[in-house]
Amino acid sequence: MAELMSLPDAVASLVHDGDTVAVEGFTHLIPVAAGQEVIRQGRRDLTLVRMTPDIVYDQMIGAGCASKLIFSWGGNPGVGSLHRFRDAVQNSWPRPLAIEEHSHAGLANRYVAGASGLPFAVMRGYRGTDLPAHTDTIRSVVCPFTGEELTAVPALTPDVAVLHAQQADRAGNVQLWGITGVQKEVALASARVLFTVEEVVDALEPRPGAVVLPSWVVDAVAEVPGGAHPSYAHGYSDRDNDYYRSWDAISRDRDTFTAWLDREVLGTTGVTP
Amino acid sequence: MAELMSLPDAVASLVHDGDTVAVEGFTHLIPVAAGQEVIRQGRRDLTLVRMTPDIVYDQMIGAGCASKLIFSWGGNPGVGSLHRFRDAVQNSWPRPLAIEEHSHAGLANRYVAGASGLPFAVMRGYRGTDLPAHTDTIRSVVCPFTGEELTAVPALTPDVAVLHAQQADRAGNVQLWGITGVQKEVALASARVLFTVEEVVDALEPRPGAVVLPSWVVDAVAEVPGGAHPSYAHGYSDRDNDYYRSWDAISRDRDTFTAWLDREVLGTTGVTP
Amino acid sequence: MTGWTTSEMMTVAASRALADRATCFVGIGKPSTAANLARATHAPDLVLVYESGTIGAAPDRLPLSIGDGVLADTATSVVSVPEIFNYWLQPGRIDVGFLGAAQLDRFANINTTVIGPYDDPRVRLPGAGGAPEIAASCGEVVVVVSQSRRTFVDTVDFVTSVGFGRGPGDRERYGLRGRGPTQVITDLGVLRPDPETCELVLVAVHPGVEVQQAREATGWDLRVADDLVVTEEPTTRELEVLRAIEATAAPA
Amino acid sequence: MTGWTTSEMMTVAASRALADRATCFVGIGKPSTAANLARATHAPDLVLVYESGTIGAAPDRLPLSIGDGVLADTATSVVSVPEIFNYWLQPGRIDVGFLGAAQLDRFANINTTVIGPYDDPRVRLPGAGGAPEIAASCGEVVVVVSQSRRTFVDTVDFVTSVGFGRGPGDRERYGLRGRGPTQVITDLGVLRPDPETCELVLVAVHPGVEVQQAREATGWDLRVADDLVVTEEPTTRELEVLRAIEATAAPA
């Protein structure tokens, strides 16, 4: 059963040094506030998993939380590069970052296998590319009926999933809608599940296209309005495209990034008055 | 792009002798009227696929349409046996019926593999049971990462899916809601797709829990109000439990069944005035 | 209280097997009645999961089929059939699986496929449905079945769903992750597997039932627990609620 | 009509590559602009599929990201990310995949991963995203990329997405079921693979572009088709619609 608690308490109780953490949300519902709370609590040596490392991971990597990144597309969508991610990979700043690289289809299927209680997933992919030569979590499997060779990827079972949704009810049932991405698979693949939500409501009103996760597969729910900014929460906020553009300048230089980090994250409580 | 046409035309153009046909619907949205039209058109040597052969398949088997049945649970839900199914298996009446038997999980995963363009699916199942000894579409596969042995089932790719939904729009986009079963997987796994619908509407209004299949993965849509009777269409009709009970007596005896078939199916056009 | 049927006793005993807040994979028939009785009495937060894809269904009347519309209308979440098996049952998220049986053997293996040879059956039964994977993956399995020599056989004609196979170690050998059957609840009493041998042992008889009746209704030499108990009879409340629930399922 | 930019010419040429009623797997940026231009001009029933899970999106403004809310609001159906890849892309349901490239080689292999050695990259690029499977499974692939020696290299530093591998037969060998790249549309012209050798050949130059410019912007000895044509310049309507579309994406 999910417990309703504050974001600092939720992060403190569920996210530990050395954990494999999946902070997910496909463009939509990215739990940026939760990521910044992880920075604020000084978590270290995290293996970060995410299909699209985006500003949230650029910040966590630049802040030194991560020792490894498992991902499939690492850019600032519509803007360009993630400079902190590049600086870590190319120059080991602020610390070395090991990477394990997949395609979207491959990483999505790794979550599916995790959610399904299977050790691996079968797919068509990667063949002929240079990815298998550099990623040892890509292998092949032969169909026992046709003899055809296909690609296998191992299950991803993060220690903790950090996700954002529009709503939870007081019992801790969570509802999200719009682009639902891999949220359900990540929640069901992970040992622990932390949701930030725009709002806690008395009752979840059924919505077209909604995913509802019952309270008994969620551990903590924290009400954090705007917790997905600069990404968005369908029906609550719009994507702040200017912020994504402005991040390019903030993150390009180590000093401006560090100043930003001290001022906007470490120097705040994260709790909006 | 789906074409809107009459049920007789849809069946005539999409269902042929010798086809593998999946008439699906998990308790809900069972396309019984379409099944009876297949009987009326005298289709023969069909391989019928369905998780829960129910009254619709008892009728098609008793009418002699089928030479093989692929299934996972063959009963009259809440009532008892399917007498025509039993008579075919135990006494080859009206003709021999070969069977290929799975569990629900196995058959569902066979549809998933078909919908996914994969030759097989991986699952945990069947181990220790007597099913693999009698069903050669159950084999094992070894995880290339952990070495664990798991169960593999081959993709099911029917020649034609016969399905019922609540609504289609005039462009042939189909919407169904309530218990959605395996409808999406069956439609996407099959070479041809026939939908009967309760109603053709100008525009599909988004609904909680709805599955929408775009027109370009559907071949034919026929408006057949009540086409799921005695099963039901959520929001349109209730399950006719008395009919399921009465089927027991109708189907128990070959003569009463044959009389029913002549009177209720062969002797009618199927088009309700 | 007196004036209850053996069928009611069986359903009440089954309902008592369900702890509050547990998640329960429910089949139609007695299991569904028992689960809804539990939810209406001692286990208000029992989570009912049906193979039709309804999670957290809270029907206000007894569903008449596994896919009754009332299940979708009242569920926390409705998912596809592949999802209910792959994302919810297979990973072992469900605490208790409720199963019936046409035949059951001393190692609690279940047959719902055929009586007689598979290729020339004396009786062709419905088949597996969701049972093999429920028996494999639920945290534990509770079997609800009327006890008779026809049903309680030394060896089932066909293993549709695995209890303990041929004995200790078989579940591990097959990679089945649930604990398997922990109780078999009948119209005569309750059986549990011996922790050493995995063989079903009579641990309780319902009020008014003699051990000898249970022995005569069992197709193998039934062992009886030294600390055999008598089931607590249905309470007035249990019976009232059960009868109210069953009334909602009366033919229209 | 005159007074158009090479970038506009490239987008218009890309939009013309899309037939009406086709299904198109669209990446963000130029491909999305071109696809929406096609939908607004000659292909009103073009079906746009985005990897965020939106099928049949009909945005009334240019989406600013692959997961822009306008895509979900206007889609025929919104599905999960695993589903869009497994049920829709992988089986080969999508006719055309639109891709960009950081590097492209003579066999139309695409690099979006690294410039320089993988373990000591000169430039670390975003990586694969959906591209490898789009390149593998779409009926055909159209690449939209500006032409320069930096981008058009003899051999890519990293094969992120397969065009024709090392030449004829490689796609079959890898079990890739789509036909692969059929057109590479640049700011200078259009290249198509030679049916015999699979090597990219310049088949069209845009108005005002000399073949020599294309040769100089290519890192291998570029072959030119005997029947080289000049692209039809953008029509007034194409430019008006394109500019109107791009205006909707202007920074707030």
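To keep things simple, chains are lettered A, B, C and D as they appear, and every chain counts its residues starting from 1.
Going forward, a contact is a pair of C-beta atoms (placed from the backbone, for glycine too) under 8 Å apart; a residue touches a chain by one contact, two chains touch by 3 or more.
Source: prediction; values computed, not measured.
In summary, the chains found to touch both subunit A and subunit D are B.
Across B-C and A-C, it is B-C that has more C-beta pairs touching.
Annotation: 40 Å between the Cα-based centres of subunit B and subunit D.
If each chain is reduced to the centroid of its CA atoms, subunit B and subunit C end up 28 Å from each other. Annotation for subunit A: residues 117-118, 123-124, 148, 150, 184-185, 209, 211 touch two or more other chains. Chain contacts: subunit D has residues 86, 90, 137 touching two or more partner chains. Taken as a graph of touching chains, this assembly fits none of the simple shapes: it is neither a line, a ring, a star nor a complete graph.
Here the chains touching each other pair up as A-B, A-C, A-D, B-C, B-D.
On subunit C, the positions that touch subunit B within their shared complex are 28-29, 51-54, 64-69, 71-72, 78, 80-82, 85-86, 89-90, 113, 118-119, 121, 123-133, 136-137, 158-162, 165, 170-171, 173-177, 251-252. Of all the residues in subunit C, the ones that touch subunit A in their complex are 21, 23, 47, 55-56, 76-77, 86-87, 90-93, 137. Those residues of subunit A that touch subunit B in the complex are listed here as 117-124, 137, 139-141, 143-146, 148, 150, 152, 154, 206-210. Here subunit B touches subunit D in the complex through residues 1, 115-118, 173, 184-185, 188, 211-214, 216-217, going by the rule given at the top. Partner subunit C is touched in their complex by these residues of subunit B: 26-28, 51-52, 71-75, 77-78, 81-82, 85-86, 89-90, 101-105, 108-109, 111-112, 123-131, 134, 148-150, 178-182, 184-185, 209, 211, 232, 234, 238-239, 241-242, 245.
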